[in-house]
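You will see two complexes here that share subunit A, one where it goes with subunit B and one where it goes with subunit C.
For the complex of A and B:
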């Protein structure tokens, strides 16, 4: 039942339901004939991926298919692991709660499955999103790893309680001293709370044994320390306690190079250094040595270039951040830009830029797949096309790093979660101008518009709006996709023709841009 | 002083679960404010009491209603009775006998003889429709007491203290065929107090109040954001859940004590004691909720996880997409009523499409669908017009009338008393010139508790 529902994905409620309501997705899917880029291990020129019950059970050049597997021919396409978005607040109602210490909160309460963000994630080949509040906080809520499909948060969830958000850089309105004072205070208060709890627990146990409390507070606290049960912690302290015991991940924003040292020390002092991921600001890379010494994984800022002017000479200095981080040998993840109209929105674009700037292809690909998966503690379950991992596969029309490539299909846990051929929204957006005005197909073929329907009916003149007949409405199914597209042939052929012409247009505009640059550009 | 109690008791009730947010400092300031407000309010109350007393006198003169008398014996001879029972009975050319405040008999005029001593009311072209029930009303009390936003959740407040038996709004309500309303506090905070089920006619508070508490008002999101520093859903939902969990813990502690499972008597808490009926399912949670994620959270938190009787008020925008979750929850035995309004449609910019909210809920297979006005957001008399709007966008007219009568009566656990025109039920109905969903129709007469409380022939409102 769960699986059936998944098909009517939350991320896609509005746009492109992939299978009809009630259709059960096949338990076994075989994607055959495509080029496989597994990220882990060498590429396979023409191979097959078999997904059974949501998990990959075979990857290889020749795979024997079970008789009951649904075979999908993906010849000429490229199969790539589902991308992992390492750190994103989108999908929440607001980026931050305006509380200093919000560790009791959970993004579970704010994730909105109907956000366009999730739908776009699918379109962009992202199958896993780490939803975490943004950086404008002191201690933020608990984060969650989700897949961009599902009607509610439980159905979307891949991993609850993924980590605690924290910021080593000042929240808006604070300076560094205030920020650090609040951080220190939070953990000092935790220690104090724990002492009091220990004393209380000792007294409780003594009372249960009908004994007097025969020792002083200091001794009682010592004895009571072992008596504290996990459920004794209140909401305010439970998560911070887990964190301090190294049982919860911390995602610490270090917005500037100067914050790295204190952040590392703080993590070590409070017991979560082994579980910390640093989320870097634009110029935090300047502390690359410190980050290297710490050796913890990092998430890079969405802006990969860092530009600054020398204050004396005015000379512009540009640094390509991922190169610095990669050269330092750090495990890093790239992020998509929250502005959907920018190219940086695509993780594949971010990775491609890394390659242009000299980062190894494997490193760049890992930064959008297996690295974030590992940071989330899901390295064994996600991030590459390997046997035993989740059946999260993106079918690209060509090399994923080529910007003219389309995401054709997305499988999540073996469920066909996205199919571009059925993406009504994209089809409509990509329509050539005037296509909507084209004459409709002969009657009876496409959906009939309301007026026509009325003319067909006898006695249609009585009242233009008869409320009694909802079933006469164009769509009786509320979940069904957006209005019918009037395009003549909504098939693969139509789409590919459209794409070819698009590509030509883009090439043309690029050529024009290049020309203007070489003529009038400052570098000429 | 009372506020201090609130804080103290809250901590007692929570046991080792302390209040997470250090609202104590902030509470001090609010307390002073509240004290000032109380003085003001006291002045207002006095004035209001005078006004109310005057109003009562005037009304008694106008309608000739006197509580001391027994309800009259009435015989309505009408063109049509919408019984609104489970069999969807409609009786044409019917007689409805009313005595002792209840419906004595309903049937075809040819089959029901009118006994001696009954005042015969001949309205042969008119329809009798059960009195309308609005699950989301603010006008039965004083509007200035709508939102008491001391904390982000204020579980101890009760609209019973604001009921105004006679006001112009209530006259408007019964002149529009609305006979029962759930008076609830505003949605300024996550939990803003108890609702009161009230009739729209009567001279004293005890006259009009049907049940108190009638509900607990929860505002899931979409207004409490304005509280204090500005809050998001992550904090609001945490806050709502925690408050309800405290109340549940309180109830369970007492329930265990009452069952004799423990000899340790729990401390009495005036704040959470009112919630016990909620967990005994004696009244509902009426929830201000709309937008997909918010409705989803309401269904998940209140209905699915806490198993409360849940009434989804508003349920607007793309909330109807939650219908599959509601279907699942209903199948699992949960109680969820969707009382839609006052926004009739949602313009979906991404799809470039207009969705009729009620129609979409209905088409998505949500059978327990009603309509609210949020009066005074939409005038109370326009409740049937709200349903008509729902039908304009594709809902089914008969269902629309059901959504004004039987469904909300069921939602508020009043269906054994009102909601249909059946023998034994309270005589509570409107006599209409025609289909109540036809905007041209007017309610000519309203009966509550077997008494005629509005008669356009005596004094017409419009």
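For the complex of A and C:
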């Protein structure tokens, strides 16, 4: 954790650099003057959020600031809790392993911090991601809740061992009979294993006491049952055992309405019903009544519109799923679409669609913030702007559900993790000078021109790792060597970023001139 | 279908080619058939009326009668007999016009179900038609005509095949009811419509015309099923008029058609033969079955030129020089000579009687188009124009209008893997507007949830002003299509094609609630 702390230090230095407040990293950040949409509780028209040591310590219209708090003026902006992505495999190298029972696995080993996914998450205002295997499985591995910043998984981790992935719908190549046979067998085998383990433990204990095993196997198993210690379980069974004892969450994919009943029964039979979250397929909403009776939270499919053709009449019917789910009174979370070419990749857009289809605004907002936080068991720590929660704040240019709104800044645990003014990639995509709206703060230019910042290189010597620069490994381009997200490293890095990109810009504009000169072409 | 065939035949007379003349005739002689209540007035009250030409009216009233707009303004009196549509906070725009749409005649459109890693839905429809309440039942294709396109797999295991790596769509295949396991092109791994979706009539391999590389004598209209569910989908997204170009599998492709998406099928064809489409870049030799190089032998019936951009430019250039020779009565030689039946149309393009459009994405393809047009004295409309931001001055100097789009953050489908979208920039549309280039916005084959409205939404996000965006999907495309006298703006005398939005147009939280085509409510999403 020491390492994480030094990251925070580095991050705060960067925060200073952007506001020019100086080199010493304040442990206290105050975002003042913005409209606050806390999700929990009423909106505050013009208020302040104070983050101290990574946690929110005050939210309100008038907050008395400590003398050493770094004040960031966000007048005219909207402050919103960091979005929570309830269920995504994209931080992994591949979505599913080729195993039926993968409960011994942990996504810890497969999360790749350099994935563009994390950078995009940050850019889209997502501060918490539940990395979990995809739905094409029988029993998958252990999932993990991470922040999209950090160079390695430990640094990113918010909550390890978030849950076990399972699917009540057939994995590719299986039908439902096979799927359920394997699922049942996994837990039957767990029971067998426990018996054997109990017998073995009894024998071990007897041996330790230098006594003979004087009872039959059945009795030995009974007596050995309480002798089993957690560490006695092997990897293959430990997590399933935890699950069956209700000590681990289960995220169960129910890909079709028909799978809901069996999934509920299975969860009840095997002791994890109280800890199950159902991950719905596109038409699972048809079992809204069953889901309502179960009363467990649900994660909706990425496609919110379900289209179905009547097999007899050929008539096509379109159902907006969140409306059905919201009307049933279920607690639900929305997911961003994995296809980055779609606007549905923005969680805020998914929520906006709910509103235009008649879902209440509070419900839609909760579905991308507090609901997923609660599902992950982090309802006390994330998902709204309340005192005591993590300092995960997104600074939007306007209402988060307006599609014209941009994420201006993202604070994660009080660290300035993203700053659009320094987002080299966005700037490059919107590069025509004068054609785009001007970056709010010409941070790059000031970073270059401010000699004081060139002098100060705090943190450079202490080996501070850079929590928001994980993406550069695979994505670096020859003409934009800068990290795609603004580096929270001290000013000198920012300066070099800008210089490089300025160079690229100059080259680009030169090239454009040449091109327009030679538009006739030599061969015309 | 017989209906519109009959209607279209007389139009083949050359004399009527003047764009406006034909259009007005078509509009004037195309009553909204079967309209018993045509004389009954329809009135819409809205908080904001976007007229389409960049102006807005606050608290406006629109009165429509007989399929036409009778009056619009803030103090317009509502006739006593009028049906009134009054939705709180609503805004109104003209019906949207997509000047470069690719129609999905076979209903191949997958739902945006391309869940990477999320197991695809069991038995999800790949359909693109929506149920439209209160609409004109007679005018809409009954989806029953298209049952072939939908075999719903009840077994998700079938659908899930290959999901581990999650490339679009084994599921889209199954859903579309095609047996792609035996498909030579994709071997069950690629999507047909991906191959042909770049522009034009998106119909799968069988309707990419392989007869020749120069086929302006063919008509896109003949490949279009006016009952295709895609038209209903377009309509439900607020698109009331479309231009469908020839498919981009040929260097000089078919002539496009201007169509309405709603109303009686008989009245849907606004203009059966519009512009000729030229195709720069790789589409002409990659779309469809693709052209083949001679392999270990001479060119034969199995080989086909061009296979490079040089070849594309050559075929394009030669076609027009040959047409000139043909007109001059001089003999034509060479393997790439256009078919004789294409000649009158090429001459028509040379004379400026038939409009020309050229699809080009990359900067050098746009520049090739400009070189060729300079050389041959052609004027054209640029289609797609992904990298047009690199050619602003050149386009401006020549007065080349652009039907730009789609806008995307990451190139979907074919554009992505063809590499032609690599230079896409988010500000391009705004840059075109800022440069004073006449620019319409198009979604082409992208329907998503919102289609053209989503394109407008993107355009707004990437810096364009609302009024400019409204114009680029209404008045500007109408002008580029030569139908501005009939539609594209809300003003007295124009066709009553109007959308009522639940809030601001092109906002994420609003959508078309009511779509009126020719004075009749065709889509009605009002509750109750």
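Methods note: the second predicted complex is superposed on the first by the 408 of 524 C-alpha atoms of A that agree within 3 Å, B and C clash if a C-alpha of one lies under 4 Å from a C-alpha of the other, contacts with A are read in each partner's own complex, and residues count from 1 in each chain.
We adopt the following convention: a residue touches a chain if its C-beta (ideal position, glycine included) is under 8 Å from a C-beta of that chain, and two chains touch if they have at least 3 such contacts.
Treat the numbers as computed from the prediction; the structure is a model and nothing was measured.
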item: Partner chain in contact with A:141 - subunit B first, subunit C second, else both or neither; value: first
item: Subunit A residues touched - subunit C or subunit B, whichever exceeds; value: C
item: First (subunit B), second (subunit C), both or neither touched by A:273; value: neither
item: Touched partner set for A:98, first subunit B, second subunit C, both or neither; value: both
item: Touching partner for A:106 - first (subunit B), second (subunit C), both, neither; value: first
item: Touching partner for A:235 - first (subunit B), second (subunit C), both, neither; value: first
item: Which superposed partner A:114 touches (first subunit B, second subunit C, both, neither); value: first
item: Which superposed partner A:152 touches (first subunit B, second subunit C, both, neither); value: first
item: Contacts on subunit A seen with subunit B and repeated with subunit C across the two complexes; value: 94, 96, 98
item: Touching residues (chain side subunit A, partner subunit B) in the complex; value: 5, 8, 13-14, 92-94, 96-99, 102, 104-107, 109-116, 133, 141, 151-154, 197, 200, 232, 234-236, 425, 465, 467-468, 470, 473, 476-479, 482-483
item: Subunit B residues touching subunit A - in the complex, by the definition given at the top; value: 16-18, 20-21, 221, 229-238, 241-242, 291-293, 296-297, 300, 318, 320-325, 348, 350-353, 355, 359-360, 362-364, 388, 391-397, 400, 437
item: Residues of subunit C defined as touching subunit A within the complex; value: 111-125, 127, 129-131, 142-147, 150, 152, 155-157, 160-166, 229, 363, 367, 370-371, 374-375, 389-391, 393-394, 408-412, 416, 424-428, 430-431, 434, 448-449, 454, 457-458, 460-463, 502-503, 507-511, 527
item: Footprint of subunit C on subunit A - complex, ascending; value: 89-90, 94-96, 98, 134-136, 167, 169-175, 253, 255-256, 281-283, 301-303, 305-309, 311, 313-318, 337-345, 348-349, 352-353, 355-356, 358, 401-404, 429-432, 434-437, 512, 515-516, 519-521, 523-524
